[in-house]
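Look for chain A in each of the two complexes below; its partner is chain B in the first and chain C in the second.
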Partner chain A sequence: MSTTDDNTNDVSPEEAEETTEETPEESSQPDYDSSGDEEECHCSGPGLPILFFIIGFVAMLIFGWFIFPEFLYCKIKQPIDFNHVLHMEEVDKGCESCHFFREDGTFAGVPKNAQCIKCHAEVQGDDPDELEFVEKYISNGVEVPWLSYSRQPDCVFFSHAAHVKLANMDCAECHGPMGESTSLKVYEKNWLSQYSRDIWGKSVLNMLNMKQHTWERMKMYDCAVCHMEKTGRETSVQTAKDGCFVCHK
Partner chain B sequence: MKEGHHHRKEKKFGMVIDLDKCTGCGACMVACMAENNVPFKQNETDKLDSITWMRVYKFDNGKKFPDTEVCFLPRPCMHCEGQSGHSGHSPCVSVCPATATDYDTDSGIVSQIYTRCFGCRYCMAACPYHARHFNWWDPVWPEGMEKALSPNVSPRMRGVVEKCSFCFHRYQLAMDEIYAKGHRDFDEKVPEYQTACTQACPTDAIVFGDLNNPNHEVNQIVKPDHNHRLTGKSGNPKVFRLLERLETNPKVYYLSSREWVRRAGDNYQGEETPENYKVKEVHH
Partner chain C sequence: MKLDRRSFIAFGVGASAGVAVTPIPWKLMDDLSIWTQNWAWTPVPPDGEASYETSVCTLCPGGCGITVRKIDDRVVKIEGADGNPINDGGICVLGLSGPQLLYGPTRITSPMKKIKGELKPISWDQALSELAKKLGNMREDGKAGSLACISGSDQGTVPEIFARFLKAFGSQNFICEQSSADTYKITNQKMQGAYAAPEFDFANADYVLSFGSGLLDGWGSPVRMFQANSSWQNNNTTVVQVEPRLSNTAAKADQWIPIKPGSEADLALGMAHVIIKKSLYNNAAISRTTDFNAFKSLVLGKSLDEVQNVTGIEKKVIEKLAKDFINPKKRSVAVAGKGQGTTPGSIREIMAVQALNALAGSINRKGGVFTSRSADYINWPAIVMDRIATDGIRKKRIDEAGTGKFLGSRHLLNRLPKVINAAKGSPVEVMFIYGANPCYSMAGSKAVNKAIEKIPFVVSFSSYLDETAKKADLVLPNHTNLERYEDVYATSGINKAVIGLSRPVVQPLLNTMHSGDVIIKLANKIGGSVAKAFPWKSYKACLKQTLGNSWNPLMKNGFKTVVSSPVHSGRFNFAPLVKYSNSVVKAEGKGGENVTLILKDSIRLTNGYIGSTPYMMKTVSDKVLKTDKKKKMFYSRIEINPDTAKGLKLADGRYATITTSKGSAKVMVTCDEGIMPGVAALSRGLGHTAYDGYLKDKGVNVNNLIGPVEDPVTGLDAAWGIMAKLTRA
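Moving on to the complex of A and B:
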């Protein structure tokens, strides 16, 4: 307030009439200028807020793509740690020695005790997993509750015969190099949908569509893309693609 | 591989139901319910709510005793083809906003994908045969029955429409067998698949098969009229379809030697009969 008083006193009476209305503005201007100088000093340009935004954005992406998905899945260990490499050396028909087609064309999937008992009626080696398998499951006649990584939802019909026998596809094309694994990976089950993470895929792959191999994600989109490319069938009236009932049931 | 798939002949699965043989026993309805995991309620008195993919209707000739005659008519989904051949312009497919129901030109089957359906029920309004049903509730199975459900048919949830699929899951399994045996198509060694209702019928009133296959019984009974190849009209004067004048071109045919039964298939006015209506179509 003292500055306004000083200004009005300095001005002559003639000028005073013209300037009295302006004086409040003039008087307040130095206040505005000084405060503006202070902001520039503290922030040093618009770069810092953008930097903070980028840091926050990247942090959120990392959280959303890598950390949060971990909370969506519960990790379950397979009941027995199975060594595919060890067994592949013993059998002569590759994957189909244990994962075979039944006579009616359906696929047997994960082997039952009936297939294992031929060799494992008694303990073969000194592996603790084999010991547990024989004592806990074979001896008691209880099936092993294996967790199937590639199990599709109830509404999906997947024909192994059409893919393996008709289209001559390799098992590894959809299941990955399972035959080369020496131990079973941890099964990740989605808390909400109860489906395996092998179906949903990794979140980053979903967002950026960076899928490299067939087995990284097996959702409907992935089936549809391959069907469109490979079969080229246009039997669906609605979509001009492969019919819906080919895979749905 | 692209060409390999295409050389397989296009199929047109259809059905002929002999109404003179049908006794109305309802075995087809029961077989269908069990085969396709069709949900039911404890109280089924309200038939507007009940879901029956296959329903047997009863009607008579309207005459008094002793001239009364009764006919039972089993009604599955007609799998309408629509006009102009495989256009698939069936009433339900053309109105579905969700692409939940679709016409497959490979098999001629109208599919219903439950996980895509969002329950608007346009298809139910469009279907002139009342072949579609809505799930007003989630299915509740009596204790222990869940273990008896078929794993080949996915159970439906509340809020979706369902209907007869011509036991499509059996077609899928049949194709599995064909591929596993190194074949490409149905032949003498791998016979065509059958629906549950066909197999359950004690009087063999239902015949199911590929209408495009001239060696199949269903083709020999229907005798598709080559002048009407696109409309699917039958060349057999005893064969008729329901509401033929709507030109929905159903693939379910009915067979009866009784004229009043054939006449009941549509609202024929005055002098019109199923036969002379067909004659009109020739000059159409």
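Moving on to the complex of A and C:
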């Protein structure tokens, strides 16, 4: 820094002198000449601003695409770990064994202690998470505060029955291969909206609507695309008459 | 290479251009928009399994069936139960805001004991042991008779348990709050020989004449009455409301006849004059009555001019009203009991109105008024009393009900403050208060509060920290209506009796206990014959045994209809009315007053044990309660006629001071053509000094301004108003 400062100091008096000397002569000259001289004197070359432009541009690209998404989310560990694979082996109805539909057609979502207690009234095996689950939650009658990766904002109405029962969609189409996981991934919560990162999607490419899998992002656009494809209509459900109120009740 | 100004700007422009093609602005914009749609601090009820539970509302004596919607274990909504004979799917503003009473902050969280003037939480064991010890000592000292209990009701098993405890303990002082239904019971006892509540068959009536009863302002079973009103509209039933002000009931009636307050009995007798003079009465019905001639002489002895003077209603209006009422082609019924009927009222007035029903042949007739059977399903074994109890019970009741002058009355709670305040020491050593908030809801609050303070030991069973619980020495909080079992016997305003079963829809949220269980435990701790009077393990066991075969249908449907009407009653006797024809109840006044203050009831405000909910307070009009935002004060609005306002140099929105012999308050004036000149009306249900910010310190409690007036015959509170001085503030 000191070197740059020194250089600047060295140059400055000369420039100042030249400017002072030229001022009376140039007073009658048009302004554009004066500014032209000034540019010549100040510039270390035409490439430098371009270089700094590129530096700024690239820096922000890197920050915006790779660092910013990391800052936007806080990472929260699930209260205890869960092995989907292990449980899938034990049940015979697949996902719906635990993530079931109630009698009235509503979707129960994340299982509660009532579904687990049958097998977990006592500790199974020696896994520390299992021990914590039974001692901390089951024994005390406290529900596990699971963090839901797929919970849509409160302004969105979503019916599982309509999608799973009527449209015969597979769970994985929206939720991904959760059933194949042996451990729960870290939950990432958006600082601003307070919702899960899974709604927006993990990959930065999602910004460009370049999803590799259907479940990678569940924004309104994704609902619309799927509805257009499935219904064969050119307009999405959202743009149909009263379409907004299908999901935003 | 140096970073000069140009390079710096270039860097900035580059960075800006770079930002524009990154997710930063677009993602932030998107997140912000989601954030604005879903404020994180807005409470969102947790998702869960929806279920419905059937129960019966016990927040008022109406006995409506309710369906409680729950999400997992949380109550989220209360709706009227379809198919219930009382309310058939309907619900009132109090009933539907029940969740606020369950989850609200005014609930008492655990038993509490007053230590150094402050209520401090204690354990149930400590509370019951200390109380049992205190009561045991009282019995040993021969003071069993100085235990008393104020109960909000004498219907159902819980009040019966309290009454039974007092009797087994050795006290007669189970004193129940009384209403116009009780004056009706005494009237029916005297005129028909049956101590029975009235059952009005409004659904089958063609002509309803109401003497100030707020049929659509919370009278009887409020939801039932709203449904009756719908049927009146459909059936072209004529409804006539006789009342000093244009209440909601009057506004919805076919005809509103303004009357000088307190002269309703005179109008009824004036109508009888017209009917008898022109021989319009139902001959067949009158032939089955006693002492008609004496009644005839009584009513004919007073000219219509006199009636016009007293009531302020023109002669021709009285004549037309009498002819319309007595129309033989119509089933007419007359009803009395002012406002919601919570004040017992004058027996002369109710007798006069019953006499009109007798003239029209409407007693125990379809579309008329029946004498209903009282609840007869509570058949417990007789109490085997020990010597202490036998001695204690010989002491006369503190309120002197059922003795001497007040032979016909069973409870005279209104006399209690006077008796306690007049005595040298307190005649009551220990007072139980169940389902009542006398410090707020009884007329003459000042005297009531003084009396309660004078009692050495007050035990409150309230679920809420109300005015009376705040004064108690021991608080034993009851479960709320959504957490407990209770039987409800309802008859008012329907032509059949209905037993309802209120049952817990959620597990008790706080450290509370069913008052029935508290009394059973207490009796067991006292031991001896007191314990033997309660052979049940718990209140639930007691209730199940009491209801017997009805238990299962009640658990299934929530209600059981008892077709009971009419109970046998004797010939209608006019003699008591003739005897008490001079027992006029006048408004108290010292002279020099300029208005008659009357009270107005509204379905939007409660005025008894249960305080109005926050939701109800939101529905109260600015014409009833006005906020002074600058001073952060809430003023009750006093309703007066514009002519009255002019005379008193008042105007709408002006502040005024209302002063009576009992107290004084600052109020704001509402000018309304719908009230008679010379009359001022204040809403009941305001001016609480307990509960939360929604209810506390809002307006004036009219019970501070009005005192009880004993009916000369029954001794019950018959105050319908008070003379007052209204001046500019």
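One rule holds in what follows: the second predicted complex is superposed on the first by the 177 of 249 C-alpha atoms of A that agree within 3 Å, B and C clash if a C-alpha of one lies under 4 Å from a C-alpha of the other, contacts with A are read in each partner's own complex, and residues count from 1 in each chain.
FYI, a residue touches a chain if its C-beta (ideal position, glycine included) is under 8 Å from a C-beta of that chain, and two chains touch if they have at least 3 such contacts.
Given the structure is predicted, the values throughout are model-derived calculations rather than measurements.
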{"item": "First, second, both or neither for A:121, with chain B first and chain C second", "value": "neither"}
{"item": "Partner chain(s) touched by A:210 [first = chain B, second = chain C, both, neither]", "value": "neither"}
{"item": "Partner chain(s) touched by A:68 [first = chain B, second = chain C, both, neither]", "value": "second"}
{"item": "Touched partner set for A:155, first chain B, second chain C, both or neither", "value": "both"}
{"item": "A:142 touches, of chain B and chain C: first, second, both or neither?", "value": "neither"}
{"item": "Dominant toucher of chain A (residue count), chain B or chain C", "value": "C"}
{"item": "First (chain B), second (chain C), both or neither touched by A:225", "value": "neither"}
{"item": "First (chain B), second (chain C), both or neither touched by A:166", "value": "first"}
{"item": "Partner chain(s) touched by A:57 [first = chain B, second = chain C, both, neither]", "value": "second"}
{"item": "Which of chain B and chain C A:106 touches, first, second, both or neither", "value": "both"}
{"item": "Shared chain A contacts, counted only where both chain B and chain C touch the same residue", "value": "104, 106, 153-155"}
{"item": "Parts of chain B lying in touch with chain A, wherever the complex brings them together", "value": "1-2, 5-6, 86-89, 93, 96, 99, 101-107, 109, 111, 113-116, 152-155, 165, 168-169, 172-173, 175-182, 184"}
{"item": "Chain A residues touching chain B - in the complex, by the definition given at the top", "value": "101, 104-106, 153-155, 157, 159-162, 165-167, 230-233, 235-239, 243-246, 248-249"}
{"item": "Parts of chain C lying in touch with chain A, wherever the complex brings them together", "value": "1-19, 21-24, 26-28, 30-32, 34-35, 37-38, 40, 44, 47, 49-50"}
{"item": "Of all residues in chain A, those that touch chain C in their complex", "value": "4, 7-8, 42-44, 48-61, 63-65, 68-69, 72, 102, 104, 106, 108-109, 153-155, 190, 192-195, 200, 204, 207"}
